[in-house]
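A, B, C and D label the chains in the order they appear, each numbered from 1.
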Amino acid sequence: MGLESYVLIAGFLFCVGLYGILTRRNAIGVLVSVELLVNAANINLAAFAHFGRGLDGQVFVLFTTALTVAEVVVGLALVILLFRRRKDILLDLANGLKG
Amino acid sequence: MTLVTWALLALFVPLGVAAFIGLVVPLRRTGRPAALISVAGALVSLASAGMVLAGGSAALKPGVHATVGWLTAGTATAVGVHLDGTSAWMLLVVTLVATCVQIYSLGYLHDEPPPALGRYFTYQSLFLFAMNTLVLAPNLLQAFLGWELVGLVSYLLIGFYFRKPSAAKAAVKAFWVTKFADLGFLIGLVTLYAQTGGFEWTAVTPAATFVTLMLFFAVMGKSAQFPLHIWLPDAMEGPTPVSALLHAATMVAAGVFLIVRAEPLFEQAALTRDVMAYVGAFTALFAACVAVVQSDIKKVLAYSTCSQLGYMVAALGAGDTFAGYFHLSTHAFFKALLFLGAGSLIHAVHSNELKDMGGLFRKMPFSGTVFVVGALALAGVPPLAGFFSKDLILEAMHHHGLHVPLAALAIAAFLTAFYMTRTVMLALFGTPSHAAEHAHEPGIDMKLPLAVLALLAVGAGFLGGPLAGLTGHDYAFHFTPVGGAGTAIGLVGIGMGYFMFGPAQGGAAIKRGFAPVGAFIRYGLMDRLATVAYGIMLAVGAIIAWIDRYVIDGLMNWSGWILLVLGRRLRALQTGNVQDYVYAVALAVVVFGAWGILR
Amino acid sequence: MMERLFFGAVATVLIFSALMAVGTRNLVRAVLWLGLTLATTSMFYIMLHAPFLATLQLILYTGGVLSLMLFGVMLTRRSTEQHGVEVHNESNGQRRALPIVAVAVGLIVTAVGRTDLSTATPAAVSPETREIGQRILGTHLLAFEVLSVLLLAAMVGAIVIARRKDASLEGKDDPRDRAAALPGSRLSSERET
Amino acid sequence: MSEHILSVIVASPFLAALLIMLVPGDRHGPIRVLGFVGSVISLLGAIYVALHYDQARGGMQFGVVYPFIPRFGIDIRLAADGWSVALLLLTGIIMTAGSLASATLTNRPKEFYILLLVLVAGVFGVFVCQDLFIFFLFYEIAVLPMYLLIGIWGSKGKVAAAGPFKAVWRDLDVGGKEYAAMKLTLMLLVGSAAILVGMFAIYFAAGGKSFDMIALAKTHFPRDMQLWVFPMLWLGFGSLAGVFPFHTWSPDGHAAAPTAVSMLHAGVLMKLGAFGVMRVGMIILPEGAAAWAPVVGAVAALNVIYGAVSAMSQKDLKYVIAYSSVSHMGVVMLGAATLDTDGWNGAVYQMFAHGIMTGLFFALVGLIYERAHSRWVPSMGGFAKVMPGVAAFFTLAGLSSLGMPGSAGFVAEFLVFAGAWKSGNILWAIPAMIGAWVTAVYVLRATKMIFWGDGPSHEFHDLHDAKRVEWGALWILGTCIVLFGCAPRLVLDFIGTATGEYLPAIAKAAASIAPVALEIVK
């Protein structure tokens, strides 16, 4: 299988994630979509590492994984905070910064 | 001690006194002690003035000059003292009258609360300083300083009873009118400065006509020449001694003194002299007419002052400086006397109105006598002081061929005698009014100055010769037809006055005939015009302020407001919804990505 | 040929599960679909000769992140109980999202099509995991350390964020704190102004 | 000591502000004392400078250079010439009086004093700074705290919504303190933008090597460049000097500002504008100045009479004084536009005289407002009975503002008029003189309406005269008015020294250039 297949699949995965971010009302749903985005990127990194005969791509995947974990942790903390304050976690209702 | 030292003493002792009693508030609030200090200061000033005059008539001839750079180093903008016969004599006149008035005020203002009394004498001392500054001025610049300062003190003293709305009004009116006229002084000064680089009395410049016209405009304000005389009658709201000192004897005469001083300049300007002659003569006539119909004794005297100042200005316009200056001196004495005498009457009946007086001569023989002396001097009855100087003026007018002004002055002389007789008759003789029942003579502090001034009113005419010698003119009294005619006219006026307002109460037809004229004069056209002008000014101010507020500022606000509205619109973009922001990011990524890929 | 078939199957599962993860109305199911996506991704890693990554993906993502998210869903369950799961996991704004996503897909396809990637040939031997470790602690040591600091910060931050409201809810001594801690008080008041 | 005295003057308010930051906000006493001490040190420094400035030598003295950003030729160059001496004295006097006058402030004095002192440090900096960039920096430091000072400690005036932009009026809350603060800051910042453009134009036209103003003044700039840069500087700095039609921040701003801020703003800050026009605009760009002088003079004359006439029909006391400032700053600008020795001396002297006079005015207005709780002139009357001291000082300030001899105002106005006349600008001098007369009308009218007449109505029941430290402020300023009116050479000699050095170059430029309209036609 060529590099372009992986890149394409990763691209599709990314677009699905993008769609999710844009459309989900629930904050956890958005976090789920973010995971998809990160995964798409990871696939790309791994693919380029494989086809580019390097190891750095794999190392980056590790790093992004760690980053994602951090993101999920903080994100969930925020979601819980939001929930405590407002009793719901619908993003389109949490518009306190409306101008 | 040198002459300059004496002059400086005369100048700065009153200033020191004013500062001392003005700034040491507890002292000022005690009233009488402050007043006595002020009188002492005036006496020192008077003595110094006497020493200047006595000590050096020979030294005075060439003039003594002592200056110090004021705005810059050097003499161009210097201040100091300039002593010659003219200023030395004027210094004496001013300090003498001022001393008399201050002593008189001790009695006259006896009932004032102590703080007010302290304030009054602070102003009095300040006035003496200001007037001496003007008199001793070595150049026009210092003259202007003194000129403005006396205007200031005049404002403060007219507004002495500041709780009275009419006094407050009169004070600001006096200040505004004279200050407006002073624009002329200022313009004259800066023109002179631009032309000659200095402010010398003796400057020679091609712009002399313009400069002198401007100076004369200022004189019209300060010396109450038509049509800028309107402040003077109102200024009678001040205490009577103030009227005597400032608004009769000295301050209003400052204008005349200025012209005398600036004689070299005025000599270069024939046009200005003509204007002066006509304006002066007209004022003399006009004010005399108005004086005839006044019912307030101080107003009579105020218009009389206007009229007499007109005489002086006319004389100076004729080019006879000495005549004007002589009349200035004699007038200072007898008009101060008249005012102080009137003050004594007012003090007795607590009213300015002639109708509240009447028959006071019997109750107050001393005051009555001195008042009559003053009136006779003013009417030009020989050999009292007014006779000589007025005679000289009429003769000067005739000599210089100014026949129209001469005629006006002659009529004015008749009217002067007439209205003074009327005043004397109404106030001192005739049927006593209710208020006059309890009138009594004032104390010695008021009598003494009256006596001094009365003597001078009688005798000052004979000082003409020495005075001429002092100031470098020639003068000896000799009988002339014009002068004689003037005196005769005056006597007729007295007779007429006695006929109409004396025991006979004759001339009812004349009174009836002139009633409309009197009504018109009392209407006070110039005053009303000034009020209208003031109203117009306020209206213009309101319009401009409105434009500034709502149009000019409005444009600013409007442009700011447009941005505000724009901002309100743009604000809607910040929905506060996270996904909208993500959407914007995604959109940007797509757009830039498309641009990058499809390019 | 087998490889192609296998790849196709995995890719289909991957995309389908991802679509379900963003499409399903039930939040718990969405998270589980995400788990499938993540697991499928690890298949990709194996195909890309990255077995270490595949293992890590399974353990860390499918094990850790997934359970964390499920916890999140459970902790915020009350809202789903009150309003119903379906309603709350609804999507909105599809109409404006779809064009963007479509354009993005088109762009990616165009980009991949225009770029010549066929020359890249895969490496013959798969790298050893030891090399990865050496690389991390060698060339990328700084990034690694920074990352650990970041993780620490995230941990502390998460605790602080999640705990702060606890304290103010519990701290009933100060009435102002309680007022501030009341649901929506601050946000609603800000909205009014 | 001598070479660091200017640094001391500029730094002492800064340091005082820093020290105040360390004091707890509820301890008002130490805060006030620190604020006062900081100002007094500056004043003493200014007096030291005045005593030790060598007039015979003239020029820039007490010079000191601290490198700042050498790459762009930006150094902190402090040096004082004769103008600086006069204006340092002024700032020291006003600030000392201002800190006394705000002794009764109880609302957040800590922050108030910090901002005030920072502002004053900026003012001092502008007056002694000889580096264009730092000059601008200090200028901004002086201008910006005003926003907070007015917005927080200000008060509201009555402004009716009317006129063609009525709806706008209601929307903006015209007359409110936030509005005033915002308007002032925005207008001055627009001016600053113009200054910035002009500044960089000068910098790059001179080769982009140095911001040293003394060197820049010796550089000859192309005529075309001078012709467009000068108006930028004129209007930029002019917006702070209240040049028509950019004066409208001034009435609202001064009316809304608290006492000490009004004093400083009208007394010192507006001078920065005029000072900037002369120091940066005219001295560095002599040909531009000469070409634009007729326009500057005409607008200045308009300012004088327009401000005076507007002041005449104001009912709010602070607005009266604020418009009088607009009018008097017109005299400064007129003096500057004469390009004549007397005119320039008069302009700088007017900055000095007006600063003291208006400082006194605003101090008094603050006193009256605090006691009467009203600034509405028509409702007042007879106050002299209960507050004779205030009445006396108000009269004194009024006399100075209308140019009474014996007060500092006379010297300044007289010199400006003389200069204008001498330089042939008679057409501008006459409106300005009439404006001075109108000043007499409105000042005495206000005095009459407030202090004279029948005693205060029962609405004003707790009026009383100035107390304790307030007397300090009044006496300092009142004494200065009389002192510098009677002995003008105390300050005028310094000013003259500097003017004498700068003017020949300007005169040479003026001889070589026609008024701007003709130049553009060419």
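Everything that follows uses one rule, which is that contacts are C-beta pairs under 8 Å (C-beta built on N, C-alpha and C of every residue); 3 or more make two chains touch, one makes a residue touch a chain.
Treat the numbers as computed from the prediction; the structure is a model and nothing was measured.
Engineer: Does A-B or B-C have more contacting C-beta pairs?
Structural biologist: Between A-B and B-C, the larger count of C-beta pairs in contact belongs to A-B.
Engineer: For subunit C versus subunit D, what separation do you get between their C-alpha means, in angstrom?
Structural biologist: Result: the chain centres lie 62 Å from each other.
Engineer: Could you give the separation in Å between the centres of subunit A and subunit B, each centre being the mean of its C-alpha atoms?
Structural biologist: The answer is 94 Å.
Engineer: Hey, how far is the Cα centre of subunit B from the one of subunit C, in Å?
Structural biologist: That gives a centre separation of 96 Å.
Engineer: From the C-alpha centre of subunit B to that of subunit D, how far is it in Å?
Structural biologist: Their C-alpha centroids are separated by 36 Å.
Engineer: Going through subunit B residue by residue, note those that touch at least 2 other chains and give them in order.
Structural biologist: 579, 583, 586
Engineer: Residues of subunit C that touch two or more other chains: which are they?
Structural biologist: Where subunit C meets two or more other chains at a single residue, that happens at 93, 96-97, 100, 104.
Engineer: Could you list the positions in subunit D whose residues touch two or more of the other chains?
Structural biologist: Not one residue of subunit D touches more than one other chain, so the list is empty.
Engineer: Judged by the touch rule stated earlier, which pairs of chains are there in contact?
Structural biologist: A-B, A-C, B-C, B-D
Engineer: Taking the complex as given, what residues does subunit D use to touch subunit B?
Structural biologist: It comes out as residues 159, 162-165, 168-169, 171-172, 174, 183, 186-187, 245, 248, 252, 306, 309-310, 312-314, 382, 384-385, 388, 399, 402, 404-406, 410-411, 414-415, 417-418, 420-422, 429-430, 433-434, 436-438, 440-442, 444-445, 448, 451-455, 488-489, 492-493, 496.
Engineer: Across the complex, what residues on subunit B touch subunit D?
Structural biologist: 69-73, 115, 144-146, 148-149, 152, 155, 159, 162-163, 165, 168-169, 171-172, 175-176, 179-180, 183, 186-187, 189-191, 193-194, 537-538, 540-542, 544-546, 548-558, 560-561, 564
Engineer: Mind listing the subunit A positions that touch subunit B in their complex?
Structural biologist: For subunit A paired with subunit B, touching residues are 18, 21-23, 30, 91-92, 94-99.
Engineer: Tell me, which parts of subunit A touch subunit C in their complex?
Structural biologist: On the subunit A side, the touching residues are 1-9, 11-20, 22-26, 28-29, 31-33, 35-36, 39, 42-43, 46-47, 49-53, 55-56, 58-59, 61-63, 65-74, 76-81, 83-90, 92, 94-96, 98.
Engineer: Residue numbers of subunit C touching subunit A in their complex, please.
Structural biologist: 3-4, 7, 11, 14-15, 18-19, 21-22, 27, 30-31, 34, 37-38, 41, 44-45, 47-50, 52-53, 56-57, 60-61, 64-65, 68-69, 71-73, 75-76, 78-79, 82-83, 88-94, 96-98, 100-101, 104-105, 108-109, 112, 115, 117-118, 120-123, 127, 131-132, 135-136, 139-140, 143-144, 147, 150-151, 153-155, 157-159, 161-162, 164-165, 169, 183-184, 186-187, 190-191
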